[in-house]
Amino acid sequence: MDLRFDFARRARIGLGEAVLCAGKSGQQIEHVIGLALARDTPLLLTRMSAAQFDALSPGCRARTDYDPRSGTAIAGPWQPAAGPPRVAVVSAGSSDIAVAHEAERTLAFYGEAAHAVHDVGVAGLWRLLEQEAELRHYPVLIAVAGMDGALFSVLGGLVGGLVIAVPTSTGYGAARHGRTALFSALTSCAPGIVAANIDNGYGAACAALRALRPPAAPA
Amino acid sequence: MDLRFDFARRARIGLGEAVLCAGKSGQQIEHVIGLALARDTPLLLTRMSAAQFDALSPGCRARTDYDPRSGTAIAGPWQPAAGPPRVAVVSAGSSDIAVAHEAERTLAFYGEAAHAVHDVGVAGLWRLLEQEAELRHYPVLIAVAGMDGALFSVLGGLVGGLVIAVPTSTGYGAARHGRTALFSALTSCAPGIVAANIDNGYGAACAALRALRPPAAPA
Amino acid sequence: MDLRFDFARRARIGLGEAVLCAGKSGQQIEHVIGLALARDTPLLLTRMSAAQFDALSPGCRARTDYDPRSGTAIAGPWQPAAGPPRVAVVSAGSSDIAVAHEAERTLAFYGEAAHAVHDVGVAGLWRLLEQEAELRHYPVLIAVAGMDGALFSVLGGLVGGLVIAVPTSTGYGAARHGRTALFSALTSCAPGIVAANIDNGYGAACAALRALRPPAAPA
Amino acid sequence: MDLRFDFARRARIGLGEAVLCAGKSGQQIEHVIGLALARDTPLLLTRMSAAQFDALSPGCRARTDYDPRSGTAIAGPWQPAAGPPRVAVVSAGSSDIAVAHEAERTLAFYGEAAHAVHDVGVAGLWRLLEQEAELRHYPVLIAVAGMDGALFSVLGGLVGGLVIAVPTSTGYGAARHGRTALFSALTSCAPGIVAANIDNGYGAACAALRALRPPAAPA
Amino acid sequence: MDLRFDFARRARIGLGEAVLCAGKSGQQIEHVIGLALARDTPLLLTRMSAAQFDALSPGCRARTDYDPRSGTAIAGPWQPAAGPPRVAVVSAGSSDIAVAHEAERTLAFYGEAAHAVHDVGVAGLWRLLEQEAELRHYPVLIAVAGMDGALFSVLGGLVGGLVIAVPTSTGYGAARHGRTALFSALTSCAPGIVAANIDNGYGAACAALRALRPPAAPA
Amino acid sequence: MDLRFDFARRARIGLGEAVLCAGKSGQQIEHVIGLALARDTPLLLTRMSAAQFDALSPGCRARTDYDPRSGTAIAGPWQPAAGPPRVAVVSAGSSDIAVAHEAERTLAFYGEAAHAVHDVGVAGLWRLLEQEAELRHYPVLIAVAGMDGALFSVLGGLVGGLVIAVPTSTGYGAARHGRTALFSALTSCAPGIVAANIDNGYGAACAALRALRPPAAPA
Amino acid sequence: MDLRFDFARRARIGLGEAVLCAGKSGQQIEHVIGLALARDTPLLLTRMSAAQFDALSPGCRARTDYDPRSGTAIAGPWQPAAGPPRVAVVSAGSSDIAVAHEAERTLAFYGEAAHAVHDVGVAGLWRLLEQEAELRHYPVLIAVAGMDGALFSVLGGLVGGLVIAVPTSTGYGAARHGRTALFSALTSCAPGIVAANIDNGYGAACAALRALRPPAAPA
Amino acid sequence: MDLRFDFARRARIGLGEAVLCAGKSGQQIEHVIGLALARDTPLLLTRMSAAQFDALSPGCRARTDYDPRSGTAIAGPWQPAAGPPRVAVVSAGSSDIAVAHEAERTLAFYGEAAHAVHDVGVAGLWRLLEQEAELRHYPVLIAVAGMDGALFSVLGGLVGGLVIAVPTSTGYGAARHGRTALFSALTSCAPGIVAANIDNGYGAACAALRALRPPAAPA
């Protein structure tokens, strides 16, 4: 195991190193969880399949909180978010929910609650407009959508908070595995929309945390 | 001049051959206008620059109605559309208007009036919602938008008429010369949106004419 | 289940929300069928695999009409189309037929019969020319083709009805998963061809319905 | 002039509609400036060339503050930013400075000062590390880089503030007009980097303003 | 001049090295023509602009036969083709004719006459069908078309000769500078279509010459 | 079975319709073989997997000659090629051999023998140069190569016969599933190289047959 | 077996032909190992899966040294590298290690030891800076990274040795299967970075060997 | 002028920072030359047009050695390379020579002579084979080619030195502005070829210098 895990990262920038499980062997995952448990440091793992979780040793599983909806796991000491939510997670279709959950779970890992609004794609615009008054109060909104990504622009024109677009790989043909939604976010006619990588609910949550927990202003 | 102009097309399918002037020499344009005038047949020319029009012979210019906003010209006998409009042409931003005008002019050439609604991009959603009641009555709507093409989906979720999307090459970077708007149209979350080529206001109008003027039903 | 199903859509635009089953869990599909059955509202489901249908509960299966050729299912009360067909569905090769069937089944769900003409790719041009006289009478034609998509242009030059191209992902190499056929449709030398997304027989049928069932003209 | 300028946008989301001058005629620009001046509302114009500014009428030029470095103009009443900067604008090479200036100017238009750090590309890493201590104090950092976009990841690993990447079209060949830098930002190995469109300094500044000026938290 | 001109090529493979003038300086073109004239060897030059021809020295111009329609020049001793044509050059639209002429002129340089059929795009199918009986007799057909490239498949289904497709960069948007026509040729539903590079009339003619002038069969 | 098999094609252009088995059901394949056997017409099937062949009925298998190396099958009466070969099939690497075999088998189906030269990639140039004298005698050469496709240009510079390039999807990363080899063929520095689709040994053989069996010259 | 294995290559250029096992049958692999063993020549095989190794005959397996971490095998007589390492292999994330091992193993096959430094991605910059002093002494460095490929530029700005970038297909979405990392390497802001193909640890090692073992200088 | 020129780079890695003039203003270029002259440090500038050179002040021009063939300039004290060349620069066509000259001039700036071999594209293979014996002695070879980039593989199979491929943007259509040649280099069938960016003669020379001037080996 040639690992140089960046345990210093959380102290440095407020966000720890997370483990992307896709493509990793069970042995690699077990090893890094072991490192975290030995330090009594909470560790977030993403894109963990149920099979990967099941393949962990019983002792490891016992100290790891696995959420199959989002494919995330949290090893080590950890407490759910408390307090009112400061982030709204808004998703367009039922196929986008897993990515939205990844964002919510990442926020929870860092102690931030999220207000979730799912299945409000703009083809049925009333669904989003019903939520407009509520959504206008959030400082940060994570918008999750695939296909045409039209949700990003409509939402960005309605609210003044920071809108972080997460394009998803939902759709086929001209959806191009999420690139159409990504490029829609980047060319949004609403000002100031920013984008995370395709399907990257984790990254969007990290950006939200950067925005919500600024360092002390410069002297 | 090795031309085999398809003058039979209008009788065959209801739409004549039009002349795309981009890339053609003045001599070529003059020649084909001459053929139409000699037959006393109206001829539509698209993508004609002011310089191309100015380079025509005086006699040719005198019998050709040139519209610089849309870059279209009509040679030969021709009468403006009369009667109430059956097509709404809806465009998102001020950069999309030239393409919208090309569609309107093509419809006019075939005797169809159009109801034009410009500058209703979804970043200011109220602009489109103000028009919703009116737009719901049109059997065909031509929607013109660049960048994220979010207009296509929002409009398609509000009205029941045929929505023909014309993506435009407006925008830069991730707009990819209109491909983002094109793919947005094709992956629209609203059902039954169809697309014409990028910047192809002429083609969208032809599709509208096909929809509005169906052949007699089969026996 | 965070579903906000848009049951109002059919009243609004004449087309209801359909369920794309690809990527959905059996639980999700069962849930939404349940919602529709509870309301006694017919529901169209697309891209449902035989395995997905078989995994439904017996009660659900009993009230759902599954068609394996097109991968569509219809839950709830429903009556086959009656009356003469107003749409021709024309496909190029035997690999395109499943997509054509998806279009036909969507039309049937909304009560529209279709006239199907399969396997008339232009490499054997006589096959299409044999049908020309018949096809000229249809107000709407759905053309389904992969690879070079040459069918779209040839058909569009022969008939005056609305031609909706459905590119398919048939072919390999330079077919680029349907993008070559899609771009062929969009750059067709025949005027007024419009395109739906790759393999999207459902969307093409919805566009046909928009064209065939226009709202009342504006006052 | 079929303009429906969205003057209500600033009240709605805190950001007004700006005018992208690229591709607009002098008449169009003059017209919209006139609308703003008549309302005594400040108006931001971007991508205005020196030639476009020079073509304005003398009266219009007199009331418009044009900055050739960034290609921005501000019409109407306006006051420069005061107070300590809350945003750092960090750029990699001398070719990226114009985009950085567009961001700085947009911030200034909204009354936010910026701390600018230019020419700190990572090939000479000491240049950025010299600034590290200072940069760690900013809640928002706009990072501007073309070519490989390596600045985004290095910066994102050093600071805890929100990092908004603006890829630029600097570079040739494999730089692919900014797409390489864009995709680098989106796949950054540092967590929580978000991206604006290529060359979009204006959009990045708008996102910074969304993050710095959150709406009141929900009750 | 670091030139190693491959004067041996014609003896080796029957086709000499030609000079692509695009991007070359007047001095470079003059130099290579001089080399050919000194050897009394005929030399074909392609993509020569009128400006490039006019910039040649008078002595060079006098011994060079320039054809502005195709942008080709032939320096040195040369005789036009005689005898009945063995190649048909078939083009779809009037914008494709320059490329067709490049093919015809290359054939002529090598002593092969060509039968030219222009402006027979498949949107007006009768134009091509009128020529079918004639075209069936040619051993080689060069088909030139842009946009959707539908001509390639229709022609390939009608004739038994070798069909060499030359896609052209005609068209805009989804034509993608000729790539759509190129990919159409490669995925043609007619069997045995082969393609040359986009706009490469010269290369198609060389392929025709390879097919028409085979080496002696192996012993 | 909505089949309109083009049995007239062979009489029309000398090449019959072949059946691409990829993506077809066993029932579809069985059906079309049955049609051919009933007419006593030989039928070529390509891309047939061993599993597809094994799933045919015993009676069908008995009258079908399956070749697993090339994935081709020939149903009905058929005789191997006799006489000296007029086509050389030249392939670069051992991964390209299956595609080469598809070409050889297609030629054999039409009674043409082929001279096969495998594993002569240009990294070991001596392997190809050893064959040069022999290869110079063939009127048609089918060159099969993946990755960089350098074989096409080297071969095309050595021989005067018609060179038909078949790019293969061999290689990874920048090989881009055969597109790099395809584009190499199209931009070959050797004059007159033409290309078939990626992995399309069948199509290349059909082109060779078109070149070798020209129709009677026009009167 | 139509193999023309290039056993002369090592004498010619110092590097023998290696066997890429991906896509090869067990029979093909067994055959080429047999050829090497018969000549008592060491043979390197890459991309060999455990299943492919297990399928070899016992006699073949006994004389083949298989390394599952890198997917490489060495058949025939072979001695591990001795002497101090001249190449540093530096990788960014734990998903890049397999590719790094392929490079190390190729170097070992040719008798070159490597100094391996893994998991030093620039998001935790201290990890690389800790190694800087050591890495500055190596004449050749192989840098292995996926996603944004930022390691290439940072490393290239710190050391003077030859930096060979190996982009990996690690990452999703905008990582585009390694193309983002590849293009980052090619547009690096550090001067003189060169790139091998995506995931091509073998090729990078061959380039290192070319650099370390130059031929005798020209006379 | 917000410049932080990295004058420390040459001491750090042996290669100084060079100035890419494309896109820079005359004032910017003049300024950075002034900085170098003030330090009496030689400075390399690339992609400088004749117009950019002519716009420099007379004093600046007098101390700057401009080479129009390569578009490079050297300001400050500088001595041409002496001693026998250790790098061969090999280019395929006459359009590739400017890029080759950029590489030669960069080498000269650092005191390395180059052996230049131009116009040896593989379509006339004898031209390269004539040079083979000579080229085999060079430790580093820079190969410059556009279009199909076949030169890279052929050269790489003949010599044992380090081959650095520089793809050029020569060619049209499928050449894709140099991407075809780039991908050919990366997928070369010859082992150990590495690539620089498209048209980047400067970068290839820097890589050559890294290979030729290794740091002292680690202790």
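A few remarks follow.
A, B, C, D, E, F, G and H label the chains in the order they appear, each numbered from 1.
Note that in this section contacts are C-beta pairs under 8 Å (C-beta built on N, C-alpha and C of every residue); 3 or more make two chains touch, one makes a residue touch a chain.
Source: prediction; values computed, not measured.
Of the two interfaces, F-H and G-H, the higher number of touching C-beta pairs belongs to G-H. Computed from the mean C-alpha positions, the centre of subunit A lies at a distance of 35 Å from the centre of subunit G. Between the Cα centres of subunit E and subunit F there is a gap of 26 Å.
Averaging C-alpha coordinates per chain places the centre of subunit C 45 Å away from that of subunit D.
Chain contacts: subunit F has residues 9, 17, 123-124, 156-158, 173-175, 182, 186-187, 191, 197-198, 200 touching two or more partner chains. Those chain pairs judged to touch are A-B, A-C, A-D, A-G, B-C, B-D, B-E, C-E, C-F, D-G, D-H, E-F, E-H, F-G, F-H, G-H.
Those residues of subunit A that touch subunit B in the shared complex are 92-93, 121-125, 147-150, 152-154, 156-158, 171, 173-176, 179-180, 182-191. By the touch rule above, subunit D contacts subunit A in their complex via residues 9, 12-15, 17-18, 84-86, 115, 134, 136-140, 156-164, 182, 186-187, 191-198, 200, 202-211, 213-219. The touching residues of subunit F, counted against subunit C in their complex, run 2-6, 8-9, 17, 20, 22-24, 28, 167, 169, 177-178, 182, 197-200. Every residue of subunit A that touches subunit C in the complex is listed here, in rising order: 94-95, 97, 116, 118-120, 123-124, 126-127, 170, 172-175.
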